[in-house]
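In what comes next, chain A is part of two complexes: it sits with chain B in the first one and with chain C in the second one.
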Partner chain A sequence: MKLLTLNFLTCAIKTCKSNPASFPLHPKDAELEQIEIDMNPIFIRNILPRLDWVALKTLSSELGLASLPEDVPTEEELMGEDGEATQTLKDLHVLLMETGIASGRLCCGACGHEYAVKEGIANFLLPSHLV
Partner chain B sequence: MLPTPSTSHVDPSRIYEPAEDSYLLLDTLSSGSETAFLQQRFPPETPCPLVLEVGTGSGVVLAFVNAHAKRILGRSDVAALGTDVNSFACKAAAQTVKLAASESGIGGALLDVVLGDLASSLIPGSVDVLIFNPPYVPTEELPTQPENVADEGLSRDAEFERDSHLLSLSYAGGVDGMETTNRLLEQIPQVLSRRGVAYVLLCKQNKPREVVQQIQGWPGGWNAEIVGSSGKQAGWEKLCVVRIWRVS
Partner chain C sequence: MSRPEDILPPDLFYNDVESRKYTTSSRIKGIQADMTNRALELLDLEEPSFILDIGCGSGLSGEILTDVPEDEGGPHTWVGMDISSSMLAQALERDVEGDMLLADIGQGIPFRAGTFDAAISISAIQWLCNAETADVSPEGRLKRFFDGLYASLKRGGKAVCQFYPKNPQQRSMISNAAIKAGFGAGILEDDPETKNVKYYLVLSVGGGDVTGAVNGMEGVDVYDARRKERKRGKEVNKKGSKNWILKKKAQMEAKGKVVKQNSKYTGRRRRTAF
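Showing the complex of A and B:
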């Protein structure tokens, strides 16, 4: 599962939704994979306002990835005057779209429940006593 | 007519295959009135829309919207996400979406198809376009949710039983065929963004006009409208698609 997907996911348990600690989910024993994907610079630029930058920084540091800039990159930092993608944009593409969790667990910071990731697919189905 | 994504890799013994209901969703989402509505709702240069299909099954609908994002949403910087309770469907749907995107060449970006119940693992206020082709057939009982689907070590009988159970989850809707749909409708006000819109398929036995009226009474200014239908003559399974959105 892509790192970008984690920007939109939280604990499936209803009562955790209002608890800020339930986001982002924390990867445990994560085995990472890189999958090459064509870069769409417009997509990266327009997904940026949707990212929780602080959460993304937490995730990449928990996964031992290169640290992100302190602040969200500006439009000028993403595309040069010639409209070419900058290194910053390329790095974001690699991080968000090409870096994924192949296996491991995702842990809720509020309730501690752990969701398994197998073959790149996260399992958010809850055991019946938690539904 | 936009091309329909290929689903020849989908195993019909354990995953719901594209059928009349799927095609009605494709026709509705690519109709002139809906593309105009969506393009006005998500103008280019606004943040990327997140499209979530709940219960993706074969993935044909999500693959269609993603591959033809430029024609449907007027932009190809679209993020596509799916959920399904069937792990076989999750894998197959991801493949369907990728295949269709590579054929169109200008599709949106598939995030993932995750194993999960409806939209329960989504961040509140995150979904811009939600699509649901529910288990809508009225049945005496609602099948139980799978907790964990074992892949290996099953006898042939056990495997057959598991696959039948997975298939039953794709159509059996319990009382009025609405038990699962009602749970999804409850999640909509929380999970949709301010600009969000949901498309939910219903059949005649679901009493679509009553559902529309109920939604119009939700607190916070909601509207709903039937924006597509099929099987108007003889077929007992008359289908329609309801669009749900915030008006305020």
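Showing the complex of A and C:
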């Protein structure tokens, strides 16, 4: 599962819906994988304002990845003057699109429920008393 | 043809054998591709977008989303949800590019508000009309699904859900649930009144009229079932007016009463009595 997706996933349990701690989910025992994907600068530019930068920073520190800049990069920082992709954009692409969690668990910060991740697929099925 | 919805719940029906059959059948592949392309046409995305694939199965529709060429606004990035682990296993085997979740869409959509640009669903949401255990109801599942979908789409976002309603009741149950969740909803019928009729539920989150989705498409008639704003003033059939008399006469005739024939004098104003 891409780190991009993880930046949007919340806990699925009903009582967690109103709790701000239900986002982001915290990875536990995560095994990372790297899958090469073609770069799509326009997509990154479109998704950037929607990313929760604080959550992304927490996530990358929890996973022990390289630390991110303090603030969200601006559009100028992503695109060089000649339209070439800058290093910032390349780093973001690698972090969001190519890095993923292959297996492990995702833990809700509010209720502590753990969602298993296997082969990159998270299991969000819940017993009916929790929904 | 029998409906798989009536046989077993989706996670059990799509076992390894059925999933493989579904994914390798070239007939199903062709139909799925046609429907996905039609849904993409309805979504009318101009830039690479973040799309939710509801009931992604083995990623047949997701593959098409990834392969949208650059001049048509692609390639899109997608996240799929499906309840059948066998279907997802098929998707893993086929090495699709999107992320997938094993999740029941009737339990809601576990994404934060305003995540997706658009959502697409091919032949999935009719499964919501079945409740497999006593503690859930179709209405409740539909409500949780549409509420979750509404929240997870960004403002101005659109969703297109192709589905196979069992009967007109199911069709209106689904579209009413979508409207209750706050969507602007419309149903597009392809090949109406044939065996191959396809229903597309077109949903929009705020931002304009849902009928705008079919603007400029060929061979589409818009039938607007929304309540028309009641006309004020003269145009109303005022009691005693000619139109009112004609309407009443027609009503009475329909009831089987003996009604005088209409003539040029019917409802005509009499001369002023001196």
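The definition used in the following text is that the second predicted complex is superposed on the first by the 129 of 131 C-alpha atoms of A that agree within 3 Å, B and C clash if a C-alpha of one lies under 4 Å from a C-alpha of the other, contacts with A are read in each partner's own complex, and residues count from 1 in each chain.
Assume contacts are C-beta pairs under 8 Å (C-beta built on N, C-alpha and C of every residue); 3 or more make two chains touch, one makes a residue touch a chain.
Because the structure is a prediction, the values reported are computed rather than measured.
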Using the overlay on chain A, decide if chain B and chain C clash or can fit next to each other. clash
Name the contact category of A:Ser61: first (chain B only), second (chain C only), both, or neither. neither
Between chain B (first) and chain C (second), which does A:Phe43 come into contact with in this model arrangement: first, second, both, or neither? both
Per the contact definition in the header, classify A:Val131: touching chain B only (first), chain C only (second), both, or neither. both
Contact-wise, after the overlay, does A:Asn123 reach chain B, chain C, both or neither (first, second, both, neither)? both
Give one of first, second, both or neither to describe whether A:Gln34 is in contact with chain B, with chain C, with both, or with none. neither
Could you look at A:Phe8 and tell me whether it touches chain B, chain C, both or neither (first, second, both, neither)? both
Once chain A of both complexes is superposed, is A:Phe23 in touch with chain B (first), chain C (second), both, or neither? both
Taking the stated contact definition, name every residue in chain A that is touched by chain B in one complex and by chain C in the other, in rising order. 1-2, 4-5, 8-12, 14, 23, 37, 40, 42-43, 46-47, 50, 97, 119-126, 128, 131
Going by the contact rule at the top, pick out the chain A residues touching chain C in the complex. 1-2, 4-5, 8-12, 14, 23, 37-38, 40, 42-43, 46-47, 50, 52, 97, 100, 119-126, 128-129, 131
For chain A, which residues are in contact with chain B within the complex? 1-2, 4-5, 7-12, 14, 17, 23, 37, 40, 42-43, 45-50, 97, 119-128, 131
Seen from chain C, its contact residues with chain A in the complex are 47-50, 75-77, 79, 81, 83, 88, 92, 97, 99-104, 107-108, 110-112, 114-115, 117, 133, 135-136, 144, 154
Which residues of chain B touch chain A in the complex? 45-48, 50, 76-77, 79, 81, 83, 85, 87, 90-91, 108-109, 111-117, 120-124, 126, 144-148, 190
